[in-house]
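Paired with subunit B in one complex and with subunit C in the other, subunit A is shared by the two complexes that follow.
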Partner chain A sequence: MASVSIENSVANAKQKRSKPSRLAPNYWPFVLPALLVVSAVIVFPWVFTLWMSVNSWTLGQPRTFIGFANYVRLAQDMRFWESLWHTATYTALSVVLPLFFGTLAALIFDAKFPFRGLLRGVFVMPMMATPVAVALVWTMMFHPQLGVLNYLLSFLGIGPQEWIYNQFTVIPSLVLVETWQWTPLVMLIVLGGLAAVPREPYESAEIDGANAWQKFRYLTMPMIAPFLMIAVIIRSIDAIKSFDIIYAMTQGGPGTASETINIYLYNTAFAYYDIGYGSAMAVVFFFIIIALSFVLLMVRQRANWSDMETK
Partner chain B sequence: MAKRLIRRKTLDSLGLLFVAFIMVSPVILFFLWMISLSLKYEIDNGAYPPILFPENVAWSNYLKVFEENNFLLYFWNSVLVTGTATLLALVIGVPSGYGIARLKAEKSAVVIMIARMTPGLSFLIPLFLLFQWTGLIGTLWPQIIIHLVVTVPIVVWIMIGYFETTPMELEEAASIDGATPWQVFRLVALPIAKPGIVVSFILALIFSWNNFVFGIVLANRETRTLPVAVYNMLSFEQVSWGPLAAAALIVTLPVLLLTMFAQKQIVAGLTAGAVKGG
Partner chain C sequence: MATVNIQNIQKHYGAVKVIHGIDIDIADGEFVVLVGPSGCGKSTLLRMIAGLEEVSGGEIHIGSREVSNMPARDRDIAMVFQNYALYPHMTVADNMGFALKLKKVPAAEIQAKVKRAASILGLEALLDRYPKQLSGGQRQRVAMGRAIVRDPQVFLFDEPLSNLDAKLRVQMRGEIKTMHQRIGTTTIYVTHDQVEAMTMADKIVVLHGGFIEQIGAPLELYDRPANIFVAGFIGSPAMNFIDGWVEEGVFRTTKGLILPLPQAVAEKMGGRDLVYGIRPEHIRASTQGIEGRVTLVEGTGSEIFTRLDAHGEDIACLFRERFDVRFGDTVFIEIDPSKVHLFDKQTGRRI
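Moving on, here comes the complex of A and B:
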């Protein structure tokens, strides 16, 4: 079915083409199906969300047009500002920690040693594991009385912690899970960067008597910097939208101590069925993500620019 | 002299092995503990100090999961949703990845990037309403359709990368010989791109299988996928740890096995996808 319709559309497109040329076939028909799907499940929801965000509408009640009132309400909503702060802390920590451990792991896995392939395979497993399953097991490990983590801490002479059950430790505890799960992605990206690093500069640096730290700081770092930047961008976008782990472990609690924008958005739309307000929140959230990506991309462009200058 | 150098090298690599082992140990400990939890009776799971290897192995935890929670149905739901969404994504995404690569329309790839940046929840509100109005809620179709948001971008993204690296000469020769663009794609470009298709298939499969957020909104008792089923066990149906951990393991085991067997492809795909992602 699909192939027939594509062939037809290829034929149609051929007749309509303004500049007939054998060497430049028309590729648009190939893109068309995906374009249709994308507009159905991505563009349509966006237009619809924008429309709903200017309406007051709780599911089961009549809808009324209220202009920007939802946005005004959002600006005055303390719970929203708090969730913004939670999101900022959560995201910052969930970028920095995986970046540190991921780079360290990449440097190790870039060297040669026995069982390297096997260990790397094991190291990658967390990012492929189902987040809900991971969250479930961590919840049991975080249990204040029966959890294995407090038992392990007792060996280090550290008293029992309340982990996700305490409003001050809940975000760091969730970040611990996020770091455990997503450090491998950073490792893979940086490993890709290290694979492209040439050997010669290191040889001449060794002749000049550079130590390991100097070689890392002045040779490796600048060469893998673009890859670190990519890792930062991807990690930021993923961490800011993190949902599965937080929702499965705390639902934003205790109280609202770990309620990020995404969780608050979920509660508003699907627990309180306040569709209009939830849509406004979705729009604002989207622009926050876009703004963040834009800033990070700018930083990256800048970094590339200064690289060019030094060369 | 040479002997000492060799000994030095072995020492170095053993040292690296040791450090690498320490880096990997949180992963090993986690999965070991997960297996341990799933194979212990309540008494052992509640013991302090914790027990890693129980005297009595509770295989019955696994039986309980299937007997008491309709897990076979949810497993089948997951297979249907993930399978259909992934296959549809290949049918739609592979040709379009080809088209975008050949058109050199990198700008259209921005749309894919934006899809990645958009929080899943913002698709959910309007589509949830749409599915309610069309009466599709209660079937698996809403989940299949919305999983395309996950699978199509992955496939398109990886396929663009693959088709950009495959040589143009053969395709040009074929079209000079009078092949239509569709024939060129099917008979020349597609066979070369097989490894890319495998990579995108595996990754789309994994990320669709793991998806949780779409399910909790769109699924009911009959249409739950596995991640939702596991979450519901945690929140409503029971609090005993053994069966819970067993359920968690059942959900994630297919993905972990796939990861182990297709490690090379997955690493290649993720690195390519990620590097292009910037």
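Moving on, here comes the complex of A and C:
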């Protein structure tokens, strides 16, 4: 019995030796560059941020380990909760509005009409502009005295607005810029979806008695739902981490009326040099984004009729 | 159920005319097959009946209603498409009940009707599946189920079996015919497959180049084809056509082949240029008669298909009896004169 088991183990050892290991040294040269880059630009900053978040470290002063004190401080920081609310509002509006207008534009551009290609090209132009340039142009347009928007409103008999200079209108104004710039992206995604939608079911629906609205409601919408979900995911992640436009236009102001988490953590870390507290904020923000991504991916899975495989 | 009357129906795309004034009367409960080669206008005609294609001229009546310019949704018809055209994001049950849902039929009634149709088609176990989770045959059945649930006045089928493999096609052919016999709804069925047409139809309409070549019962078309096109299209393998003339009571070809004719015909047709038609299955193997060299042999077990070179004429033969015949062999064949078809060479019409 004992001899049998020894023979078996010897045979197993031989088998193992003959099979090349996945981590054999001859593979390392191929893996190493990627591993180095990923470690340097993703793993290291992450671990460093995590480490900083459990330290008290203001630039120019010695660092001390303080455990979860930064997180406790964060939970009690009203300015942080306020910025969280601003982020949520800004993100929600920056997803819903481009989604609505983008879908509408896609439906329009899906139909055939003269100069469609040219107009499509013009429509996607805002997407190509640099956010800071966009911010500067819109800042001028929003100017209460010199801005073109108030001038245009005067034709409609509406008095001058304060746009980004008013605490109540600043977020909607910023969302307007975001919507202007990113509606074309949603339009392109949905347009791709519409092109992929099979045409035959529409003939079936015609015979089944569906009118134009019913075809849109029961066929088009469910069939482009997976594409809408992709647009929602891209827009949500983009909007929640939006920084450039807000910083260039308002820097979180007036006061803290448009201060999102990103702006607040930037100010904390790089204006007040409180690196430890800023890092804790970054870690919390990271988990919020991860949680949001999971929710969106789950919803996407449910919306994706085209992934139904044969059981 | 309803009658369908098509009167002088025409279709043109700009200057191109694809259907040239067609008249068809379809009786209540009849199973009519529109058959013809690709591009003959059969699918266009069906789509005009469905309301998916505009009518350029003429009238279509379903029952007592003139529907030529009526939207498809108001025509009370159901259609089964070649590619099934199921709603990909809906389950089988939802696919089948969609038309009733649009009509705001109560949910319980929809469920009952879907169940009934599913039991007719053997789809009960698949009601919760999505089209992507079904095989081709199952999808085809769902498409039929969707039509049955509607309980329409007319069923339209647009080459519904083309995407199925040969075995499944035979099975589904039977199922469609059984369904028609059970439900009895007037049915218009488009196919390019003459076997489908012969096996399923009460009445066949043979179309060619946007014209009707012949309308009739399957056996009528087989036994008495109106012209060379119908004679060649109906029947598999296709009929043999040999050019020649009648002289001294027999049919002679330019290459010197002599073929038998019925006595009565032979006396009348002297001197005219004709086309001699004989179906491969109406040729018998014999120990004497027309001599030919075998150029092709295809055995299927139940029959042997051969091609012979007889005095330079290519003759296809289908033998039911089994015998040993090989490429290059010399064989003798006999033709039953009563099965011979003669066509005018100029007009192509039957004589």
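What we mean here is this: the second predicted complex is superposed on the first by the 267 of 311 C-alpha atoms of A that agree within 3 Å, B and C clash if a C-alpha of one lies under 4 Å from a C-alpha of the other, contacts with A are read in each partner's own complex, and residues count from 1 in each chain.
By our rule, a contact is a pair of C-beta atoms (placed from the backbone, for glycine too) under 8 Å apart; a residue touches a chain by one contact, two chains touch by 3 or more.
In this text, all values refer to a predicted model and were calculated from it rather than measured experimentally.
Of the two partner chains, subunit C is the only one touched by A:E200; subunit B is not. Shared-chain residue A:K241: touches subunit B; no touch with subunit C.
Once chain A of one complex is fitted onto chain A of the other, the partner contacts of A:M223 are limited to subunit C, with no touch recorded for subunit B.
When the two structures are aligned on the shared chain, A:M78 is found in touch with neither subunit B nor subunit C. Touch criterion met: A:P126 reaches subunit B, while subunit C stays clear of it. Of the two partner chains, subunit B is the only one that A:M140 touches; subunit C does not reach it. Touch criterion not met for A:A212: it reaches neither subunit B nor subunit C. Of the two partners subunit B and subunit C, it is B that touches the larger number of subunit A residues.
The residues of subunit A shared by its contacts with subunit B and with subunit C come to none at all. Residues 2-3, 6-7, 10-11, 22-23, 25-35, 37-38, 41-42, 44-46, 48-49, 52, 101, 104-105, 108-109, 111-117, 119-126, 128-134, 136-137, 139-141, 145-146, 148, 151, 180, 185, 188-189, 191-192, 226-227, 229-231, 233-234, 237, 241, 243-244, 247-248, 262, 265-266, 269-270, 275, 278-279, 282-283, 285-286, 289-290, 293, 297, 300 of subunit A are the ones that touch subunit B when the two sit in their complex.
Here subunit A touches subunit C in the complex through residues 198, 200-201, 203-211, 214, 218-219, 222-223, 225, 305-306, 308-311, going by the rule given at the top. Of all residues in subunit B, those touching subunit A in their complex are 13-14, 16-17, 19-21, 23-24, 26-28, 30-31, 33-34, 37, 45-46, 48-50, 91-93, 95-96, 98-100, 102-103, 105, 108, 111-112, 114-130, 145-146, 148-149, 152, 156, 172, 175-176, 180-182, 184-185, 206, 209-210, 212-213, 216-217, 226-228, 230-231, 234, 241, 244-245, 247-249, 251-252, 255-256, 258-260, 263, 266-267, 270-271, 274-275, 277-278. Residues of subunit C that touch subunit A in their complex: 50-52, 71-75, 77-79, 81, 83-90, 98-99, 102-103, 129-130, 132-134, 146, 150.
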